[in-house]
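Each structure below appears as structure tokens.
Look at the two complexes coming up: chain A is in both, with chain B in one and chain C in the other.
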Partner chain A sequence: MALLGRRNVFLLLAAIACVVPAFANPYHLFVANLVLIYALLAIGLNILVGYAGQLAFANAAMFGIGAYTTGLLQVHFSFPFWLAFPCGALVATVIGLALALPALRLSGLYLALSTLAFAQFTQWVFLHWEKITFGAGGFKTPRISFDPLPISKPVGLYYLSLVIVIAFVIFAQNVIASRIGRAFVAVRDSEPAAASLGVDLLRYKALAFGISGFYAGTAGGLYSQMLNFVSPEGYDLFQMVLQKAMIVIGGIGSIAGSLLGAGTVILLLEALREVKGAQEVVFGGLLVLFVIFLRGGIVSVLRRYVAGWDEPLRNPQREAEPDAPPIAATVEKPAQ
Partner chain B sequence: MLLSYLLLSGVTTGALYALVALGLVVVNKATGILNFSQGELFMFSGFIAWSLHVQLGLGYLPSFLGTVLAGFALGLTIDRVAFRPVKSSDVIAIVLATVGISFVLKGAARIIWGGKSDYLSFPPITSPDPIVVGPVLIIPQQIVAFLGAVAIMLGFAAFFRYSRLGKMMQATADNKKAATLVGIRTDRIYTLAFGTGAAVAAAAAVLAAPLTLLYPDMGFSFFIKGFAAAVLGGLASLPGAVLGGFLVGIVEALAGGYIHSSVMEVSAFIMIMIVLIVRPTGLLSFYQARRV
Partner chain C sequence: MLEVRHLKVSYGLTQVLHDVSFDVPDGKIVAMLGGNGSGKTTLLNTLTGLVKPAGGSVMFENAECAGLSAYDLVRRGIVQVPQGRDVWPSMSVEDNLFLGAVTRHDRAEIRKDQANVLELFPKLMPKLRRAAGSLSGGEQQMVAIGRALMARPRYLLMDEPSAGLAPAIVSDMVDTILALNERGLTILLVEQNIGVAAAVAEHAHVLQNGEIAFSGPAAGLLDDPAVLRSYLGR
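Then we have the complex of A and B:
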């Protein structure tokens, strides 16, 4: 393994992350925690879009469902956070699994739009089911305490997020390196070919949607506890574009890229916090620029110039190698 | 009284949705993709019309023409920036590029026009008083919007049926390779499709502007309703899109009037999900091989 390979770099980053609370001010700690939460979102979305090739737009809705379930169980049924949090992740996973059913019949544009419609439907429920969700104003969630431990809530939550992110990164790496990951890539590259090789489309699409729902639901639970406040606008279309921008900037079809993308996007977002219009222009513009000029994201540059950034099952089609013709171009579209 | 009012307003908004859907279908027929920034083109054109009409003091018709031209130019830009460089790669890249453009447009509108107040109102072009004809209550503004939309649809149909360019576009949509062989520059046809799609959205925006308020977030709801209309018609059929537009408008108005006003927003999403799951080829098509 090369000295500057991704394993060493991420070990170093994890080590730094462990000591961040010792010297960071509350705002820096907040941003660091935000990066961790978005890392979960980006990895989940990348497994679904980058590896399994399902162009879904429901990730922000899953994030919201996780946050709402966690928060509402605490408020309405006075569940403790430790119970509500896994419940939120579970509900998001189940809804994610259910979304795989339309994905069996739909692909490409149609899937994108039906999941987009689903996401807007979720927004609408958050806004209008006022008896349960408290409508547009949102609601406050109780603060957890790490009582026996001598740490404050932000620090405790930060370490909780850090442990979860490390565990989930390792889990994602192993899933991708396993039979499941290869099945995802087979489904992405050609569904008929995958099916004829004995890949069960229903099972693997459901698995991809379920995993991404689980990641997003977990992130949602942590997010609701970090802000102690849940409202519909946190889970809207802009949220979706942020998450898409993360995987495109970091690298589609790359776990390391998801982490890099989450970090980059959150730092940019914090730099632009003042102006909503500027955020939209910058992230929309970055999405276009990366799609056109750097299809493989930041991670493809690292792969080319630094040893040790190759990941299993990387996608040569989306690499930014100008002379290599894209694979899709050689496949004839069916006549319409 | 309530029913006739609801039907009338449903038909009016439906005609506008049909125009947005026509723009989506023109692009989809020619290129096989969806322009996710169609709704934002609509919104942005509405603001351009506002600037021309209110800030520069042009009349309604000159601002209409100016806006349609500006919309056409925006469509060409989108083709150049977000479609042409990525069209030979996978569909994910194209979708993400057009989504990116839509957010650039939305942010730009927020920066340019958002500071004045959150909602801009476009002055009415007819008297705002409703006319009572027998048992029916008619709002003149709606009639103007409806007639304008129908005129644009007829113009569209004539363009595709009689003009050389329209026929070239149809040939390209039908079979790209054959169109290339007979000497049609298909790249230009794609550009033209994006331009026409955007120009139709701009026209719809100018017609809709006096009926609604203008705000930077309005585009998405028109996009999703236009898409619902297009998908009801099967996504590649111009008459289907018009029919779908009216259907979406009427269902939405009835749902708003008889169930609850908040159901209006959601009826389109529910229609999309049902149609895509039950009948993904649209209402008008009877047989189509599954695309893989």
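Then we have the complex of A and C:
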């Protein structure tokens, strides 16, 4: 295994992440938690856009639906967070699955526009259904308690996010390495060829939208609890641009790239927070630079110069290693 | 036996296929010839569930199949090798082949079938982990056929397999089609290349403006004045 390969690097990062609360101040812990939440969003979006090739713009809305459902169930129905949180993820998943229906008939720009219209409609509901959503002013959510564990809320929430991110990264890697991942890429590369071989387009598009909605809904639940406040502006068009930028900068069609993109964008935005106006300029400039000069994102540079950064469905350029014989060579020749 | 009767297909108000009827008997190679825009690909897409027919019947082994989904038809054993190869370029050859078996769940048998495909196309063996899009046209055609074979078809519907290939590769393709037929596959070959059709098929039909203009034995196809008149316009 390559020393600086993605597995070793991410194991090291996970180990560091485990001890962050021991030396981080509350602000650093907040930023670290934010990176974890955006990692979930970027992975979900990358599965939908990067692997399944569905140019959708509804991820910010899904993020909002997860946050609002989690928060509102706590406020209106006194649900405990531990029940409201999975409900939020579930609602976002179901709405994600429903979004696959227009995706069956639409693609490219038309799909982008229809999902954008859905996102704007969601914003309208957040803003104007005041009786339920509290309108533009938003609402406070009850603080989670980790009793009887002897940890504060920020530390507990950070570890909850970390455990979820690790589980969701493993899940995403397994999905992509399976026949589902291959079917996603087949749908992305050529829908007619995929359909002609029996790839069920509705099933796999729905799966991609559902997984993406589940990741965004989960991230929304964590986000609502991290801020203890939910308001519409957190889930607007800029939020969508932010998430798209993460997968472009990290690497489209890469789980590792999603993690790198989320970390890079959040850390950059936080580093520039003190300099007025610099956030927008640097963020926009970086996005343009990647789109023009580095379309494969950070992960494409790592793939080119560092061994061990290939991922499932992303390693066809490399020749088979001599110690890894092709599958056919290991199979007994069938009788004629 | 695949029996097509009075098949009609329309795209909106435009009728593309008019009352098309023909048979593909078990174990045979049947060619469907025609120029650009004659409706060949639409016919193939209708037979493989990608296009819904406006009327008519498609009987496969005494069961009505018209209007079934591609998924159902693949599971019944009707599989298409699409026009222009249409391999998934960013995926490895191995992943392309495995995806051909997307409707199957018998892992051991899938691996055996992959070994069979590589026996048929040994050139693919050293390139299993290469991106399918980086292969030559002939090799991509092998991947496309191999991918379809991974679905364990009984009827293979091939859409212009010789298109865009060098003459030497076309000759290999002819050998491949004959070898597949010898292994028991029934083949409906949609072609523009009349020479390829004459070399492999026992029976041929000529499609013109969405209608079958000629049907007869494929042998001597090139000498038949009716074919030359309807297909080549001579």
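Following the convention adopted for this analysis, the second predicted complex is superposed on the first by the 303 of 336 C-alpha atoms of A that agree within 3 Å, B and C clash if a C-alpha of one lies under 4 Å from a C-alpha of the other, contacts with A are read in each partner's own complex, and residues count from 1 in each chain.
The definition used in the following text is that a residue touches a chain if its C-beta (ideal position, glycine included) is under 8 Å from a C-beta of that chain, and two chains touch if they have at least 3 such contacts.
Source: prediction; values computed, not measured.
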Which chain, chain B or chain C, is in touch with more residues of chain A?
-> B
Which partner does A:Val20 reach: the first (chain B), the second (chain C), both, or neither?
-> neither
Tell me which partner A:Leu90 touches in the superposition: chain B (first), chain C (second), both or neither.
-> neither
Figure out whether A:Pro192 sits in contact with chain B (first) or chain C (second), or with both, or with neither.
-> both
After lining up the shared chain so the two structures overlap, which partner does A:Asp200 touch, if you call chain B first and chain C second: first, second, both or neither?
-> second
Starting from the residues of chain A touching chain B, keep only those that also touch chain C in the other complex, and list them.
-> 192, 317-318, 326, 328-329, 333-334
Residues of chain C touching chain A in their complex?
-> 45, 48-50, 69-71, 73-75, 79-80, 82, 86-95, 98-100, 102-103, 111-112, 114-116, 118-119, 125-126, 128-132, 134, 147-148, 151
What residues of chain A sit close enough to touch chain B in their complex?
-> 49, 53, 55, 102, 105-110, 112-114, 116-118, 120-121, 124, 128, 191-192, 237-238, 241, 244-245, 248, 252, 275-288, 291-292, 295, 317-318, 326, 328-329, 333-336
Residue ranges of chain A in contact with chain C within the complex = 179, 182-183, 185-186, 189-190, 192-200, 313-320, 326-329, 331-334
Chain A-touching residues of chain B, taken from the complex the two chains share = 29, 32-34, 81-82, 85-86, 88-93, 95-97, 99-111, 114, 173-175, 216, 220, 224, 227, 231, 236, 262, 265-266, 268-270, 272-273, 276-277, 280, 289, 291-292
